[in-house]
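The same chain A turns up in both complexes below, where it pairs with chain B and then with chain C.
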Partner chain A sequence: MNEEELIREIVALRKTLREKKDTLRRLQRDKHVVQECGLTNEEIGRYSRQILVPEIGVKGQLKLKKSSVLIVGAGGLGCPAALYLVGAGIGHIGIIDYDEVEINNLHRQLLHSEESIRVSKVVSATAALTRLNSSVNITPYKMQLDSSNALGIVKQYDVILDATDNVATRYLLNDACVLTGKPLVSGSALKFEGQLTVYNYRGPCYRCVFPTPPPPETVTNCGDGGVLGAAVGTIGVLQALEAMKIILEMSGVLAGRLLLFDGTETLFRNVKLRPKNQNCLICGDNSTIDKLIDYEEFCRAKANDKNPGLKLLKESERLSVKEYHKFADSSATSHVLIDVRSHEEFEICKLPNSINVPFTQISKPNGHALVEQVIRSMRNGDTRIDVIVICRRGNDSQKAVKILKGLINDEAVNIRDVIGGIHAWAKNVDPTFPIY
Partner chain B sequence: MTSGYKDLSITVEFRGGAELLFEKKKNELNLPGDEEWTLRRLLFWIRDNLLKDRPELFLLGDTVRPGILVLVNDEDWELLGQGEYKLKPRDTVLFISTLHGG
Partner chain C sequence: MMDGESRDSLVKILFFAKARELSGLKESRAKLPANISYQSLLDTIIEKFGLESIRDSVILSLNEEYLAANGTLNLSDQDEIAVIPPLSGG
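And then the complex of A and B:
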């Protein structure tokens, strides 16, 4: 039996197993005994350890059962948040995500597993959550949340979790929550750090605190900056906690305050935010925004965390990976290969004879001096020399070429970049090269 | 010194990625007591003395760029009069860049 046949057979067997389990569950549910308090014997056993907590009790458990929570993003925040909400017995959970599971998600998005690679995240998450607690009603939405669909979905839920990874969706969700009157539990994380607060709940909304979106060049995503599973997971778990406190109508909800978590020092810091702004464009007394707008335009950034392909250079300033491969092999002229990725990325993999000058260093005196020194050492007097710049995907390399051309004023130095960077090299030249 | 101000010892911290623009996350500063220190004056002092490069990633006009929160003793500077706030000895000023990943 070959690999593909075996995979097909496993998929078919899983489907049969799922169907049989569903049938069994239905049969068992019919036999449930409901006690006078309103909970079934199964629920009493299952949730007993939290029902015993005075803040919850039977009343609280019934509130959780009757409530609904929408989780936007089935990633590093959404996975742990969903896990704890489903474990606690929230009646209805909605999960929105347009994306599929990739292998680089699995270190932090722990609802997904190796067998769900290339499967839709919401399908994978629903399957994992149903395995944990089949009595919770889970609605998966495989879609990009946008101005046309957000209000219709958001209004069906009691509490909304912002577990997204980009600025445009954060403004969209905020506005949708203000317009429908829903509390928004907002989490975010990067590297070892996390931030958490509750908007539009007896306090400011996101726009009250951040009326203007940040300049796009100041925003770092997880794919570039990196993120630790346990750090982002800490914030995701706390989002579940805040959502439950809102449902239970408890007083200590993190509204008007911002929690700052720094995992490098295990430091939790709670800071006091400004109150609701009377002049806020969406939640203020004379709000001017009464429907959702174009948030990608407002933020000048795409509503995802993927890197767009830049086009800064002319065709003559660029080499394809195949052209570079040939060019490096022919070795008729000497050339310098500058890799502008971070030191961490350079450590993962590199092309032979490449020199690492991170993009953040290129325009600084040190980085610039290093490049000039390398050029000098590779060059015989004033002869022509080729400088080739490479990065991960071919974006930073173009910016670096622009910067270097401005700094090195020498016609005999021919500076170009490699289209598609290391990724294209792995795809089209050396299939043994890693992709990250 | 003829002014009536003493030198001012404060702590300035950068977090949430804002520290990448500076040498250190935490800075113990002793500012000259030549005149009164407001938060606005501190912003420019930081730009001129602590910032490594690219001031546009920290300041926009005469305030911090969108996406940076300023907190004094863990309180939003909006509650304290923003740039007009007069710094006191042992104040902790925290600059937080907001995160968006998840």
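And then the complex of A and C:
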């Protein structure tokens, strides 16, 4: 039997198994005994360890069963949050994500497995959650949440979890929650750090606290800055906890307070936030926003954390990887290749003879001086010097060229960048090069 | 000095998220006038630690309480000021 036949057979067997399990579950459910307290024997057994907690009890368990939670983002926050909510027996969970599973997700997005690579995240998440607790009704939404669809979905749920990865969707979700009167459990994380609070619930909304979106060039996402699974997971689990406390109508909900988590020292700080801002554009007394706006325009950034595909330079200021390959091989002219990725990325892989000056350093005196020193050392009379800048995907390299051109006023120095960076190099020149 | 107006306080400043990245610091100390308006406090911190790019998108807290943008503060030694930009990844 060859590989393809075997894969086909496994897929068919899995499908048969799933169908038989569903049939079995239906048969068993029909036999369920419902006790006077309102729970079935199966529910009593399954949730007994949390029903025993005084804050929950039978009443609390029934509240959880009748409630619904919308999780926006099936990533590093959404996966752990969903696991605990489904485990606890929330009646209905909605999960939104437009994206597919990639191998670089698996270290933190633990609902997905190697088998789900290239599969839609919401499909993969639904399958994993159903395996954990088949009695929870799960609605997957494979879509990008935007101004046209957000209100219609948000209003169907009791509590909303912001488990997204970008600024534009955070403002969109905030406004949608204010307009529909839903509590928003907002989590975020990067590297070893995390933040958590509950907006629009007996306190301020996101805009009350952060009325102005950060300039896009100051926003670091997980794809660039990196993130630890256990750090982002900590925040995701706490989001599930806050959602349950809201459903259980408990008094200690993290509203009007911002939790700052620093995983490097395992410190949790609680900062008391401002009360609701009477002048808030969306939740204030005289709010001027009464419907969802264009959040990508408001934040000047795309509503995802993918490659922004910047175009800052003219064609003549750029080289394709193939052009650079030829150019470097036949390098009669003296040239210098400056790699502006972080030290950590440079350590993963690098092109021969490249010099690492991280983008964050390039405009600072030290980094700038290093580049000038390299150029000076190559200078031989009036010979022309080519400075080529490379990064991961060809965005930072363009910004770096702009900065260097402003700093180095020398006719003989020709500064250009490599289109698509080392990603393009891996794709079009050297297939043995890693992609991350 | 007899004059209370010009007294200085030695405060601790904590940096989070992008503020940590830009300043290269988790925390620092700074001598600041004990009586200071929110705006000059913000100006001083932004300038001293190279945080111009996130000036309009951070909140400040004093001893774990949000600082309103129109207030005047009375700082003591050992006070803890935090510079908190929003995190947006996940």
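Just so we're on the same page, the second predicted complex is superposed on the first by the 425 of 436 C-alpha atoms of A that agree within 3 Å, B and C clash if a C-alpha of one lies under 4 Å from a C-alpha of the other, contacts with A are read in each partner's own complex, and residues count from 1 in each chain.
Here, a residue touches a chain if its C-beta (ideal position, glycine included) is under 8 Å from a C-beta of that chain, and two chains touch if they have at least 3 such contacts.
The structure displayed is predicted, hence computed values, not measured ones.
Counting only touches as set out at the top, which of chain B and chain C does A:V389 meet: first, second, both, neither?
It touches nothing on chain B or chain C.
Figure out whether A:G187 sits in contact with chain B (first) or chain C (second), or with both, or with neither.
both
Does the superposition put A:L161 against chain B (first), chain C (second), both, or neither?
In the superposition, A:L161 touches no partner, neither chain B nor chain C.
Share the list of chain A residues that count as touching for chain B in one structure and for chain C in the other.
In chain A, positions 73, 75-78, 163-167, 170, 187-190, 193-195, 209-210, 212-215, 217-222, 225, 227, 232, 258, 260, 262, 269-274, 305 sit in both the chain B and chain C interfaces.
Okay, in this complex, where on chain A does chain B touch?
Against chain B, the touching part of chain A is residues 73, 75-78, 163-167, 170, 187-191, 193-195, 209-215, 217-222, 225, 227, 232, 258, 260, 262, 269-275, 305, 363-364.
What part of chain A is in contact with chain C in the complex they form?
Residues 73, 75-78, 163-167, 170, 187-190, 193-195, 209-210, 212-215, 217-222, 225, 227, 232, 235, 258, 260, 262, 269-274, 305, 360 of chain A touch chain C in their complex.
If you look only at chain B, which of its residues touch chain A in the complex?
Chain B residues touching chain A: 15-17, 53, 56-57, 65-67, 69, 71, 74-76, 78-79, 94, 96-102.
Under the stated contact criterion, what part of chain C meets chain A in this complex?
16-18, 20-22, 53-54, 56-57, 59, 61, 64-66, 68, 82, 84-90
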